[in-house]
Structures are given as structure tokens and as C-alpha cells.
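Both of the next two complexes hold chain A, though its partner changes from chain B to chain C.
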Partner chain A sequence: MRIARANRLTPYMFMAPAAIIMAIALLYPLGYMVWGSFRAWNPSQSIGEAEFVGLRNYIFLWNDPNFHESLIVTLKFAFFVVSLEMLIGVGLALLLDRNIRGMSVLRTLFILPMMIAPVVVGLMWRYMYHPTVGTFNTTLESWGLPKVDWLGDHALMSIIIADIWQWTPFIFILSLAALQSLPRSALEAAKIDGATGWQQIIHIKLPLMMPVLIVTCLLRLIDAFKVLEVILVMTAGGPGLSTEILALRISRTATEFRELGVAAAMSNYLLILLLFFTVAMFLFTKWQEARARRLAAAIQEDD
Partner chain B sequence: MAAKQERQNPSFYALIAVLVFMSVGPVLLMFVNSFKLDVDIISGSTGLLFLPTIQNYETALCDVLWYEIDHLDFCAIKFGGAFINSLIIALVSTVLTLIIGCMAAYALVRFRFMGRDTVSLTTLMVRMVPPAVLLVPVFGLWNNEFCLDKDGLIGGFIRETMGGRGDVCLAGTHSGIILIYVAMNLPFVIWILQSFIVQVPRSLEEAARVDGAGPFQVFFKVVLPLIKPGLAAAAIFTFRIAWNEYLLASALSDRDTKTVPILIVNNMSEFNVEWGVIMATGMLLAIPPIIFTLFASRQIITGMTAGAVKG
Partner chain C sequence: MPKIHLENLIKRYGDVQVLHGIELEMADNEFTVLVGPSGCGKSTTLRMIAGLEDVTEGEIYVDGNPVSHLEPKDRDLAMVFQDYALYPHMNVAKNMSFALRLQKRPKAEIDAKVRDVAATLGLTDYLLRKPGELSGGQRQRVAMGRALTRDAGIFLFDEPLSNLDAKLRGQMRAELALMSQRVQKNMIYVTHDQIEAMTLADRIVVMHSGYIQQQGTPQELFKRPVNKFVAGFLGMPPMNFLEGTIEDRGGQTFITGDGFDLVLTEERAASAKTAQKRHVTLGVRPSDLTYAPDSAPDQALELNVMVSEYVGAQSVLLCTCGAAKVMVELGSDTPVALGQTLKFAVNPAGIHLFDRESEVAL
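Let's turn to the complex of A and B:
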């Protein structure tokens, strides 16, 4: 009897520390933020002293051109970063999926950029983009080409390039792992049937990799909204608002403009956006799985 | 294009060489520049035609060096202290996250209990929360609310694990930063470890239970040793995030608990950047992750693929 009850309590005992920590340091703060977003709140007040203003922060942001600008920059950044990284990463994985010696060494070198601190990545790229002493401009100059104002006129492109440098390996490694775990039989069969390299890729490899690719894409998309330090160090959001992604704007609203209520409302908008993407991706995978199951069933009926 | 298996033509190796150069190049560039004087960096003497100097590292580490430095009158960058703070915060939060995370992952995989689905869905959902979103509430809570609770449940727990620091709020202490890092990393660690625990054969656990081991004994003596690779992967990822994080640390730390990323950003934002010194600090910050990468790349890749393929 006593043992039975102990057994029933066991999972809760295993869960308890994690549940407590996440409740007080993640869920409670998130609730606190929602509560704070309805208030005119500055950092010197405690939340109880802040005046309740209803939806004013949300309406203010809804009509704020700077917020719109920042939102557009964020979406552009996320779109270009994720699509280019998927394209390059998967492409390289398809190209390099061969039995060559030293592949593990190569993979080690490729994951180096992701392990280094974003602050340091930003630092390296800021140096390389530097208008006079930077690597790119000195190289261009020595080739007799005109200099490029990397972090000025082309700031958004430059931060996208830096992010591609850092995170393409992530997609590359995951797609390579997916490729190497594909059933050999399907590929052999295709080869015997005389499928060309391209046909194999489009009709067999890519469809079979699809589940992994979707998860990878989702992970990158979520992470693209988290990027902050690299941009902070490289451009600090400038020039103007051209690289001020939402995460950066939230932190500036909170620390520079000292408007915690507005920053909280902005965080909520960002969360809603992320939630939308996550749910959309989730539904898409469910739909795909259902379709795959239907197809499999249809094939079995044919037999 | 990719179909030919045996013969690799030269352009294939050229492509690999270019890729390696592109991924390692910037790091090497920083490494080389950290041994140059600012004069050499600005004059743009490319290549290796310069006299290497450790002066930048001396400037960066001036507060922990045992000898006097000639070229420096005043020690402005207190890198040593920040390095120790970073080390404490990253190590403690990694250990805590792993212990708490693998227990939770085990419960989620092995037991069916009320609220299991809610817990696992919540874990998945909070993974997408960006640190910037946590900035406002964490700043408010850690400064205003989590001080009074010191003798209650929360403060008691933190004192137990961290050792108390007297009458202070959570903000500005190591524990404050550690708490948010543990919370932030838990969902990720639980997610990764689940996929490793699933692979532990049930029969082993049942055999241990038949021999009279309790659930905690089964967990620590049977399951934990079997998921060592998963633990290594999770540890590296957690350490990396805690070691590299800037935003929340900058909101929560005070003068004495600054971490290295904060130090670097503070020195960068000045108009006139001292490239040599800043690259030396950047290099010092990057060394631990680079070492991990070189020695444990297999675990890192296993962890990455396990996390993504599981879905």
C-alpha cells in the first residue's frame, strides 16, 4: 500500500525541481510581463506603483511607425536568413555527402562558428566590415575595386551575411545526418532504374529528408528572432533604424527609453508572432504526416 | 551532380578548401590580430609581416597578472574578475540544469502521470521564448519582487543550492543570473535528453527493480551511466549558452558580477575602439568553446541531430 503510493508520487518527485524552477523563472515572469504591459511603468517603480493604462501601450505601438519599421526589419531578416541558410546548407550537404577521408575533421571545423559567443562573432565581423581598416575593404581596394559601405548603406545585408556565416553549418550538419541515414535501398533502386543525380535528389533524397528539414527550418526560424548580440555589437541597430530588429528594440525601449510597459507590450507582440509561426509549422508537419500516411496506405492497397 | 561516388575531381577539393577557409578564416583573423599592436592593425599590414606581441593580452589581463606592466599606467579592463564570474555562473548553471533536467526528462519518458502532456507541451512552448522577451519581467522581478521572498520557499531554495549572500535582491548576484540561465536552458536540456532516455532498454531498469532498487537508485545507478553521451552533449550546449549570453546578464549584473560578454560590449561601444585589446578579450572568451568543439565535436553533433530529428 505504502509502496504503491510512493510509486504514484515518483514521477512528481522527478518533475518537481524542473517544474518549480520553470514556474518561478519562466512562467511567472511571462505572466508578470503581460500584467506589466497594461501599465505605464518605469524602472524605478515597482509594478504596484505603476499606473494602469489599459491597452494604451498596445495601441501606441500599433500606430508607431518606428515599431512598424522594426517589425519589417525583423521579418526581412528572418526570411532572408532562414531561406538562404536552408538553400546553402542543404545544397552543401547534397554536394558533400560522399565517403571522403577527414569528414569528421571538416565537420568539427564547420561547427566552430556556432560555438563562439555571438558577441565575439559581432566583434569579428565589425572589424572585417570596418570602412577603412576592415578586411573586405582593404581587399577590394587592393584589387582596384571601389569600397563598399558595409555597415552603412548595406547594413541589413551585412548582418544577414554574418548570420549566414554563423548558422549555415547548423543546417548543413543536420541535413548531412539526415542524408546519411536515408535507406540505402531506395537510392540503389533509383540508380538501377537509371535515375540521374538530379532526379535522385528531387524525387528521393529531398522528400525523404523533408521531416528533418522542416524541424530544422522551424528551429532556425525561432532562433532568427532571438538574434541580438551580433547585431548589437555590429551596428547597434543603426544606421537609423535599418537593422533594429525587435529584440534589440525591446532592450533599448527598456534600458534607454526606460518605458518598461511599452517594452513589455512589444515583447507580447513578438511572442504572438512567434506563436503564430510555431503553430503554423506544427500544423504543417501534422498535415504532411497525415498525407504521408495516406500515401503509404494507398500504396499498400495497390499491392 | 553528386552521384559519382569514387572519383572526386579537383574542384570538389577546391570547394572544401574554400569552405574551410570561410568558416575558420574570421576566427584565425581575430587570433592573428590579437597579437598585433593597434598601429599594425590600422596601417593595414595584411598577412603575417608583423612582430607578434602579447601586449594586448597583458592589457586585458592586467588585474590578474603578477608582474608590473610597463606600457600601462592604469588597469582599466578588469578581465580577470569577469572571467571568474563567467566561469562560476556557467559551471554552476550547467551542473544544476543537467541534474534537474535529466530527472524531468526521465519522468516525462518513463512515467505516465497526470499533467504529463501539459508539462511536455509547456516545455516545448517556452523553448521559443527569446531572451529579449524575458528582459523586462526578469529585470522587474529580480529587482523588486524576489528580494522579499528570501526566507520563503524561493529564497530558501537558492540559498540551499548557492549559499546565501546576505540581504540582497536576486539582481546583482551570481544566483540571480544562474537562476534565469537554469530556467532558460531547462526546456532545451529536457528535450535533448528525452531522445537519449528513450533508447535505454526498459528491461535493464526492470531487472534492477526486481533486484530491489528504488526508483531513484534505478535512475542514478542504471539510467544515468547509460546516457552519458547525451549528458555530455547537453552539458556543452548549456555551458555554451550560459558562457556566451549577454543581454540578461547585462540587465541583472552589477559591478562585481559582470561577465565577459558585458565587458566586451562595454569596451566596444566606445567611439574609438582599441582593436588589439578587444580582439584579445574576444579570443579569451572564445577559447573555452573552441576547446570544447575540438575535443567533443562528436558529442556536439550527436546532440544537435538528436534534438532535431526527434522533433
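Let's turn to the complex of A and C:
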């Protein structure tokens, strides 16, 4: 009896050290941030000296048009970046899922953009986007096409393109791995059952890849909300506020405006947003499962 | 015109050749069974017909048209895979109706068809389960069901009953035999199980390491195997083999060996003579050996009982005859003691002779 109980507890005992460290490493900064977000807090003060202001920081942000602007830019950026990257990454994986010679070389080449330091990526793209000597405009010019003001009028589009370049490979690699671990024989069965290539993708490959795709999408979404360095180097949020995404605004609020409390409140808004997405995605899969079960039960009652 | 014709089919994986010129014709509505030991190329042959493996050399004709360049979906066939190959994300009903749904058949028709097949296979209670929630045998039946809901022109089965228990296998076998009479389609069926082969087949094709050894009706193969391999492969318990020499004595032909001296029928003697072989292998099936204590010595084997396996009404006795091992069947009510020597009469028509080097039947 007691041995059985001890046995049941063993896994928790083994997990305890890791759980404690996790709790401290994760919850302490988080708590600090929440704590700080209720204060008018200047970097020269210690947190204890800062005046407690209740929800003032949150209310201020709620009514701050610049924060709204930044939030909209972030949402736009994340939406376009993640949907385009998923589309291109999964599409490429579906196209290249075959035994081509040199595939492993190709795969290594594909990951390269992910391995470059973000600051370098930012610098690289800034030079390529340069209005007069940049790669893109010189190329356009040599083709006799009009120049594009990449980091001016089209700054948001330009940073989206750069992000797609950098992160599509991530989705490509994960999708390819998911594809190659699909049961081959189920695909063969689908071929025999008369599925065209397209139907195989829709009915077999994508549904079976879905768990991986959802996690990938979530990871990218979270990342897209926090991207900082590349944009900082490329546009520094400009021109105007057109590319000032939340992460950038938070860092500026903390360093330039010296409003640690407001920055913390902003971080919490971002955190709530991300939590919302994660929970929504989780609920969506749960809902789908429940719906499938309900449908099944309904059919059973018909009989 | 044959419905399906495999013309000198060769398959190589890199340098390894696994099929060496398979030449096979199947008439319309024929039930063809491919049998052979593991790794002999049965699945490969089937997969080439299905279009899942490239044909290295040779051609496959269906109704006289070459099909080896066609995609599987354009070949109008249904297949049951050795490893089930079910769609893990679809429930049983969806698995079974996938092909029909792709063809955009009316929903009522699909439902009726699925119900019908599920009832035959005893799957009605499982229609809403996913493959992951089924036992191996149930999955295998779903795989069968998926093929049977289609009305394809050709049905391919790759060991469809191998994971079922003996009773269910018997039921399914009978079910299949009935169905094959009813639907009148070409069926190609791969199995290890010779009872399946014997009971289902219009034509059995015995394969061994990428070669066809013999093809014909079950009776032909059982009665006149062309070589020792086929003789030993079909029949349960398997045929007994004894090394012997042909001798002429007093106008009669005998086969003598360690512990036996049997007279041959004229027909056998003649075929042994024409082949001009002296050193031969004698093959005799357990079913051609009957317990007969008073039979003449030149028509019987004296066997020393080593092991007795009780299998119900019959016991299988493993005995020695000289140095060779011989299996016989005996009614279980006959009292036998281990170590006892018994006399078994040999059915003269059941004697098979094989050349000792080439193993070809004489």
C-alpha cells in the first residue's frame, strides 16, 4: 500500500527540482513585471521607491493612439508574416517531398537564413533595400522599371518580406519532417483509391500534418509578436510609426521615455494577447474534436 | 484474350534483382493466388500490378492494353495492403467510403454500400471508431472492407487474413469464396497459408526467390508438382522426402533406400526409366500413408515413432525411417507407444519421384 503510493509519487519527486527552477526562472520575472506595471517607475529608482498608481498605466495605454497604432502594426505584421510563411513553407515542403538527389544539401541551404544573427539579417536587408545603391533598386533600374521606396512608403511590406525570407525555412523544415514521417502506405492506399495529387494533399497529407502545423503556426505567431532586432536595424520603427511594432515600442518606452511602468504594462498587454491566441487555438482543436464526437454520436442515434 | 497478362516482368532494386521474368496469364474473373515463402517477391509482383512499384523490364497488359506507365488511380483496381494502410485520421466508415466519396457518388448510395460491406465483415459496431482504436484483426477487416466497397475491375489482396484468429480466418475465407463467386471480378491474392490458397484459388502460382515454380489448378499442383519445392510447399503436414535408388529386379522396378524397398507402379517405373536417373528422391504425402500392420513389405514403410502430436481426431506422428524423418497421420484411437515400430502402406499412386540434383519431378 505504502509502496504503491510512494511509486505514484516518484515521478513528481523527480520533476520537483526542475519544476522549482522553472517556477523561479519563469514566475519571478513575470511577477516582477506585473508588480512594476502598477507603478510610476523610473529606471533610476528601485522598484520599492516607485509610486503605486494602480491601473493608471493600463488606462493610459488603453487611450494612447500611439499604442493603438503600434498594436495594429504588430497585428498586421504578424498576420501577414505567419500566413504567408505557412503558405510558402508548407507549399514548398509539399513540392519538395520526394527523393531528389542533393536534397540534403538543399535542406541545409534552406536553413541558412535562420542561422544568421538577426542584426546581420537586418543590416543585409537594409543595404539591399537602399533607395539608390541597394540590390533591389539597381536591379529594377537595369530592367528599366521604376524604383521602389522600399523602406519609405512600403516599409511594412519590406520588413514583412525580410521576415518571410528569414523564417519560411523554419516552417519548411518542420513541414518536410512531418511529411516524411507520414505513413507511406496510407498514401499508397489513397493513390489506389483514386486520389489525384491534389486530393492526396487535401484529404491525407494536410490532415495528418495538422498537429505539427498547428504547433509550428503557434510558435511562429508568438515569435512574430516579439520580433525586434531585424526591424530595429532596418527601420527603427520608421518612417513615422509605420513599422513600430510592440516589442520596439516597449523597448523605446523603457529606454528613451524612461517609463518602466508603462513598458511593463505594455508587455502585459502583449502577454495577454499571446495567451489569448494560444488558448483560442487550444480551444479550437478541442472544439473540433468535440464536434467530431458529437457528429459521430448523432450518426449513431440515427441507426 | 487473357484479362491480365504479365509479360517477362523483371524487378531490380539497384543491383539486386528480386523478380526474374514473371510470365503469367489470368483469365477473366479468375481467382489467382500467389504463394511462396517470405521474401520470394509476391508483394512486389502485386505492387507492380497496382502501379506502386516501377516495372524495371517487361510489361503488364490488362484487356490487351499495356498499363505499366499508368498511375495507380487509372488502373481501376482495389487493393488490400499487408500492413492495412488505413487512413489514421478517418473513422472506419470514412476509410471505407473514401474512394466512393472521391468519385462523388450520391451519399445514400455510399451509406448503403458501407453498411452492406460492414455487415458482411462484422464491422457494423465499429464504423465510427478510428483505426487506432481497433485491434489488428479489426483493422485488417477494415482494409478488406475498403477494397470491397469499391467496384473496381481487379482486386488485389496482400495477405488479407494473416492477422485473424483461426476461427475468424475460416469465416472470412468462406466469405471471400462466396464473394468471389458473386462479384465475378479478377482477384489476385497473396498468401502464406496454403489452405487459403487451395480453397480460394482457381489458379495457384507458386513462387520461390523471384521465379515462378509452377502454376495451375490446386488439384494439378497437389497431384503433379513439377519439382520438390512445390511438392514440399503445398500440403499439410508436408510431403515426406526419402533418398533412394531405382533398381530392376525380377521384371519389376523398385525404389530402395535406408529402411525401405518399395515396388513402383508401371507408370512410375516408366517415367523413372525415361529419365535415366538412378539416384532419386522419393516423395510421399502423409495422406498417402495408411496404418496397415499386415501389408506386404514392398508396399509399406516401417516407421519408428518418435513424437506423437495429438491434434484431435488425428494425431500426427513424427517417425524415423532409417536416418530420414517421416510424418504420418493416424486416427487418435489407435494406441501407439513411442519407440514402437509401425507399418504404413504406401498408396502406389501417391509416390512422387524427383531427380536428386535438379529436384525436378520425374
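Here is the rule we use: the second predicted complex is superposed on the first by the 258 of 303 C-alpha atoms of A that agree within 3 Å, B and C clash if a C-alpha of one lies under 4 Å from a C-alpha of the other, contacts with A are read in each partner's own complex, and residues count from 1 in each chain.
Basically, a residue touches a chain if its C-beta (ideal position, glycine included) is under 8 Å from a C-beta of that chain, and two chains touch if they have at least 3 such contacts.
Here the structure is a predicted model, which is why all the values come from computation and not from measurement.
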Combined model on chain A where chain B meets chain C, clash or fit: fit
First (chain B), second (chain C), both or neither touched by A:T243: neither
Which of chain B and chain C A:S70 touches, first, second, both or neither: neither
First (chain B), second (chain C), both or neither touched by A:T196: both
Chain A residues touched - chain C or chain B, whichever exceeds: B
Partner chain in contact with A:A263 - chain B first, chain C second, else both or neither: first
First, second, both or neither for A:Y28, with chain B first and chain C second: first
Chain B versus chain C as contact partner of A:E229, first or second or both or neither: first
Contacts of A:I111 with chain B and chain C, given as first, second, both or neither: first
Which of chain B and chain C A:S185 touches, first, second, both or neither: second
Per-pair minimum CA distance [chain C against chain B, superposed on A] in Å: 9
Common interface positions of chain A, toward chain B and toward chain C: 191, 196
In the complex with chain A, residue positions of chain B that touch it: 1-5, 8, 12, 15-16, 19-20, 22-24, 26-27, 29-30, 33, 41-42, 44, 46, 99-101, 103-104, 106-108, 110-111, 113, 116, 119, 122-123, 125-141, 143-145, 154, 157, 179-180, 182-184, 186-187, 190, 215, 219, 240, 243-244, 246-247, 251, 261, 264-265, 268-269, 275, 278-279, 282, 285-286, 289-290, 292-294, 297-298, 300-301, 304-305, 308-309, 311
Residue ranges of chain A touching chain C (in the complex, touch as defined): 183, 185-186, 188-196, 199, 203-204, 207-208, 296, 299-300
Chain A - residues contacting chain B, complex: 7-8, 10-12, 14-15, 17-22, 24-30, 32-33, 36, 41, 43, 46-47, 92, 94-100, 104, 106-113, 115-120, 123-128, 132-133, 135, 138, 165, 169-170, 173-174, 177-178, 191, 196-198, 200-201, 211-212, 215-216, 219, 222, 225-226, 228-229, 232-233, 236, 246-248, 250-251, 254-255, 260, 263-264, 267, 270-271, 274-275, 278, 285
Contact footprint of chain A on chain C as seen in their complex: 50-52, 71-73, 77-79, 81, 83-89, 91, 98-99, 102-103, 128, 146, 150
